[in-house]
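Note that chain A is present in both complexes that follow, paired respectively with chain B and with chain C.
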Partner chain A sequence: MFNPETLIRKGLPKGHFKDVAVRSLLGGLTYLVVIIAALLFGKIIIDGAPVLFKAEAPFVDFNFLTAKNETLHVFDDATGKRHQLPASAYNDYLLKHEGATIYNEQTYSYSGGGILGPIVGTALLTIGSMVLALFFGISAAIYLSEYAKQSPFIHAVRLAILNLAGIPSIVFGLFGFSVFVLAVPIITVTPSDRSLLTIPIFIGNAVISFQGWNSSLMAGCATLACMILPVIITASEESLRAVPQGFRDASLAMGATRWQTIRKCVLPFSLPGILTSSLLAITRVAGETAPIMFTAAVAAKDDLPWQGLKNPFEILSSQVQALPYHIYTLAAKIPSSEYTQRAQYGSVFVFLVLVAMLSLGSMILRAKLRAKLKW
Partner chain B sequence: MSPEESSAHPNPHRFQKRGFSYEQAIKYFFASNAGLTIVILAMIIIFLLKEGLGFFPGYQRELEVYRVAGLEFVDISRKNLTAHEQLSSVLNRAYYAEINGQSFRQMRRSQEASALFNSYTDQTGATRDLVLNNSRAAGDPNSEMLAALNANFETQKAKALSSLPPTPHLTAQERTSLIESIRARAIESTEDPPLVTTLAGEFAAAQQKFAEPLQGMRATIDAFAAAGADLSSLVSDMTATVTATKEKIQGADILEKDRKTLLAAAASARDPVEREKLISEAKASLADKPDIEGPIQTLLEHRPDCVRLHTALKETSGGILNQLPITLTQPEAARLLKVARNTWPLFIADLEKTPAAINAWKHDAPVPLTSAISSFLTGKDWVTGGEWQDFYGILPLAAGSLMISIVALSLAIPTSIGAAIYINQYASNWEQSIVKPVIEFIQAIPSVVLGFIGILVLGTVLRDISLLDSLHWVPGFPLTERLNIFTAGCLLALMSIPTIFSLAEDALNNVPSAYAEASEALGASRVQTTFRVVVPAAFSGILAAVLLGFGRVIGETMVVLLVAGNRIKIPDFSAGLGTFFQPCHTLTGIIAQELGEVPMGSVHYRALFVVGILLFAVVLTINATAHRFVNKMKH
Partner chain C sequence: MPETLNQSLTRQDEDTSVAVKNLDFSYGSSPALKDINLEIPANEVTAFIGPSGCGKSTLLRCINRMNDEIPVARITRGGIHIGGIDIYDSSVDVVKLRREVGMVFQKSNPFPRSIYENVAYGLRTQGQRNKAIIDQAVEESLRAAALWDEVKDRLQESALGLSGGQQQRLCIARTIAVKPRVVLMDEPCSALDPIATAKVEELIWDLKNDYTFVIVTHNMQQASRVSDKTAFFYMGELIEFSETSKMFTNPRLKRTEDYISGRFG
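What follows is the complex of A and B.
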């Protein structure tokens, strides 16, 4: 008799071992990446966490976050006790122990105190550039998704966005330096020698002078905004397009104008999405070093940006410290030793925690958003 | 809503009266914001060109001075002298590599013993000085303070003795005896422990023993090195003359520039008194035309000497090669000897051509603009801020960028594409939910943090690994430089993995599921479906992902600035795979490093902008190619 059982192959299917081998090879590669990433973060966390956290309450060493950055002085006093003091405390010590001899004194630049200056500077740069980029980026995205039809202009805009997104950050640094630091117009009574063009405006002696904003907070914000603009436009356009066409049709059919439709029926539904993806843009703006190296950042600054100013607008034209630039200085300009490690690993740890929180926040918000908005 | 309808409104908005509606104004506002992107892109191009294009005429003038002042003439001889020095240094390295390779064990033992002792002295040095200085100052050996200091020293000593570096080449007994002798050491003693001295002696003896059979080689190398002495002294004589001429010409150039600025200012000055003052100042600044002919003629009088010395050097060098040993026993020494043997004919050929070049050289030959351009694009030296002559040749930087990209991509492509295939084809949902966020998070790490990790963690780890005896066979090991191409490449690989991974995964996702279903229905296994159907269908998308990753790698700044080692030199390719462990400099790194330090408007400053233009063009080309592949896939 014909037995159908014979047609069914017993045991493992042909090529099973090959399948398993390929699968485990690919899986191995994948988890290799995950493990390497975990190892690197582990190293930073193990070395950096002790700077910020301590064993007794309140567990967080706020001093590192709220003290200004100073030079670290390391020395022995006459009893052989080793002191590590930031510059201000060191001067106090000298005043208090007048005449005491100090042995084996060493100084480490940027390694004492905390990192309040860099944190504040990065915050200002991020806020300034995100405000600019969000304003211009969302407006451009509204045009692209709500008004634009196929035209050479739109084609050119899309090409420009694509190209801007690919430009290396150091080229943005060069651009920011040659445009915002050296060429943009300001109103002044004393134009500089290097001014490209001066236009009198007949109010007193004031002229519009194309001499740039120098290395300043505004120049840095403008450079960073230009860099992040394509990211914001793309993300915002995506969110705007995700709003169903029916919302717009319904609104227009009720007699609303196009602007009313956008304002009442499109923007409110897409704003959460736009803001979520701009969280990711913040991590990029906060982390970039190359564009601000020549346009805004300074390695050492005694005052916080708003201290010692005559009017609040001067803050825009002052240089700031920035966390990524601070890390660059700590890594490149000073040799690593047991006394500098606190500043080095501590700054990196704080920075990484900030970035992790932002990107985690963006991931969670995105997941929530997906679950909530279902149309 | 059409304009006819809105103008039919009983109370038209005030804009509408002029045929310009409020709605339209809003539309134009948004359109102008979209146009901003075009403006920014145009400004980037215009301003890069504005700052950069002045470079070529400026560089042309520098090259002209280089020729007119006779620096170029001296460089003909100088180049040969440098080649000669390099060759003798290669031979010397081969000689010492042979000896040290043969006495490797003794060398390591001696090094390890002194490393151990040094680690101890480094840790206790500060407290020890304190005790010694104070006991002298106080004069009272029984004081309390001295006791405190001594106790302090003892704790530090105990701490130091418990954290000594490993010594794999010393026996356990030797190590214990060394530690004991350190412990028993009197505080004021300045002598090394006996074992350190003994081992250093043993090493020296071994070196001497192995140097014995190589005496012939030593003598040959010394003879070769001595052969360049005459030429060297002639070159240094000539250098002094030409440098003086160059300074004169440059001084005149600066005065001339001042004069032009003053005249321009005079032309635009409104006040006649001031104008007169400026013009008279300009007249005062008129430079005498520097005397070029005189020094050049004295320089050219050295011509016969130069030719004679070169011929002599050639004759001496020609015989040397045959006197060298055929090969050496240690691999590193044999490699270096081979390098010397391979470059020898080139060196001789250069020497042969030199007399003709010396005789043919003319100080008044014109320097066209094209030579400035070609010397920028194909120049092998990027030398700036030197006293001799600045060269802006881009090859060392481009080579560095390219080598780092090769390392980064050859590590990143297999891992990221493998991971993309795994996640897309094999992984379960929970695996996806772990791997994807991790990779997304890697993308969010700022590059300066990665650079920091490289400089403080990865560089040290790699060097420690390279010191293992069992890895001695790897080319380039043990590492001489902590920061090198490979370290930077590893970190950039980590940076580009997220880019390549997510784009490749998208490409795989976009393959219609019908392809895979049809393939499985035909009885193909999972592997066959993946590698014969899905991956080929997504191929152009994967290629685009790789290209975009490449664009990211080559444009990255902070990691290479911190980790690549920053040595401006074309890597020495004769080292084989060991080339990847040399330090280098990159296109992006040089801008970041030097822009802050150069005077604005100088040739050097403009050169950095030209590098920026080049980088911009390269990255845009790569991205454009990638997007063509993406579009191809969509259709």
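What follows is the complex of A and C.
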């Protein structure tokens, strides 16, 4: 017989303390992660924000974003006043005060001026590699999702693509160096001495020479594209599969060809998904150091990539500065002091803001497109 | 020797009957249809009935080769002839075949585009660029599907804003916009309420002079209302095929009678 009295609790239930302990432990670990993130962001924002922002209007120090990167000169003048000047301003100072003696001079490479070069280089690398990765990635995803029949071979291909995503980025860097920098074929009339193989093509003196693209923007873009390709393929394939089969069936049943079906009934509806996941891939491309350090990036460059070129295509074979590599150089190659902090924390802060903006953009875009595209 | 399927089928006087001959069909190693022989007459409505999994939808999808999309599915023996042409012959262009043999699916599947674009889709894929022709075809198809009066003021709005019944009629309009000879319908009313169902049935009745209809249905009343002929399938076999009036009043076999009267299935 049911006795309602048994439902009434007497004292603390069995296992109460265990329950509380487990809950506190799990909660504590979760908040620990939040604390770590807060400390990391807090440190960068506290030290980096003053570089970019200032108290008076227009509140943003555009000079740091728009000036070229230079060596920083620190010295005392005869009156004992301490100066911190980037190389160009330092030279002006010397010209203006000809014959003046300066004391305690120290120089810090890459720490003066702004970071326009690295920002521009990162933008070019990101755009170039995303264009390449999207073209190859979406093509491969369409093939895998729409054309390929399920077979052990296709299964193996998928597995290979997934494995590619797990390869450390430094390996991609070395791969890019040995393939894109040293080995890919180019058409030239003056093959390099280290060319692996030359094949005459009988148009003038031109030959196909397997000598690579040198360390250049295009070698860097190709390397970064290889690195991000598995992510793009996987994300694109998922977006393509998310399009209801009914659309394909309806289109085919109306006498559309397979390619028409893909172009009009599958791709348009999966493109928002592909693009939003690709925006997340952008943050990874923009942030990687290892793939570009042997293939595209230089620590110092006086000109912007498009300056001093004979034709616009030469930009592809020019080396660039890049934000992550710049940060690496500042952190690893320059002795840290009160004078280098501005460049170091400023660069990291700007980089963080850029990445945060991209992530935020992708989240907003995703929310908007999801609201618009429903079936 | 067939020239192209398109040429022979677009002739108005051409026989658009569908003949299924000794058809065996299997998914991988499991047979789905066994030795089906069936003559579907032109410009009539033929209903396929039978319990779930009896192969009626499979046979329907064989008629416009939609089963080609399923990797393991294949015909193991026999074939299907439309207007005397073997549609599984290697010389048949499956794209052209599907323009002549349209299909309406169980789940209404309008594209998330405007009503107008949904109906214009088939014509556009065939390369029709002339806006006047497309406009006219859209209106005619929507009228034929008894949808024109309900949507004529909002052709540019999303098709997803329509009710379930309207969406299914839009799918029918979209299918007949490319002027097929044969229209296959796979349980077109299974998700519709009785009023929307009545509208779809009425439209099948109105259109049957111009099209050969094959309709798969689980609804016995529907089969008896709309069809001229009925085929009863069970376990991948064609059990009985005759005039609908005859089958529903005086079925030849006990099993057919049991199914129709709801005693099993």
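The rule is simple: the second predicted complex is superposed on the first by the 352 of 375 C-alpha atoms of A that agree within 3 Å, B and C clash if a C-alpha of one lies under 4 Å from a C-alpha of the other, contacts with A are read in each partner's own complex, and residues count from 1 in each chain.
Assume a residue touches a chain if its C-beta (ideal position, glycine included) is under 8 Å from a C-beta of that chain, and two chains touch if they have at least 3 such contacts.
Here the structure is a predicted model, which means the values were calculated and not measured.
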| item | value |
| --- | --- |
| Which of chain B and chain C A:Ser251 touches, first, second, both or neither | second |
| Which of chain B and chain C A:Lys333 touches, first, second, both or neither | neither |
| Which superposed partner A:Asn163 touches (first chain B, second chain C, both, neither) | first |
| Which of chain B and chain C A:Gln150 touches, first, second, both or neither | second |
| Which superposed partner A:Ala37 touches (first chain B, second chain C, both, neither) | first |
| Contacts of A:Pro230 with chain B and chain C, given as first, second, both or neither | first |
| Which superposed partner A:Phe269 touches (first chain B, second chain C, both, neither) | second |
| Residues of chain A that lie at the interface with chain B and also at the interface with chain C | 252, 257 |
| For the chain B and chain A complex, residues of the former touching the latter | 1, 22-23, 26-27, 29-31, 33-38, 40-41, 43-44, 47-48, 50-51, 126-127, 129-131, 133-134, 145, 148-149, 152-153, 414-416, 418-419, 421-423, 426-427, 434-435, 437-442, 444-449, 451-453, 455-457, 494, 497, 525-528, 530-531, 548, 551, 554-558, 561-562, 588, 591-592, 595-596, 600, 608-609, 612, 615-616, 619-620, 622-623, 627 |
| Sites on chain C touched by chain A in the complex | 64, 66, 69, 71, 95-96, 98-100, 102-103, 105, 107, 109-112, 121-122, 125-126, 160, 171, 174-175, 178 |
| Interface residues, chain A side, partner chain C - complex | 149-150, 244, 246-257, 260, 264-265, 269, 373-375 |
| Chain A to chain B touching residues, read off their complex | 13-15, 18-19, 22-23, 25-27, 29-34, 36-38, 40, 43-44, 76, 78-82, 103-104, 136, 139-140, 142-144, 146-148, 153-154, 156-157, 160-164, 166-175, 177-179, 182-183, 194, 226, 229-230, 233, 252, 257-259, 280, 283-284, 286-290, 293-294, 324-325, 327-328, 330-332, 336, 344, 348, 351-352, 355-356, 358-359, 363 |
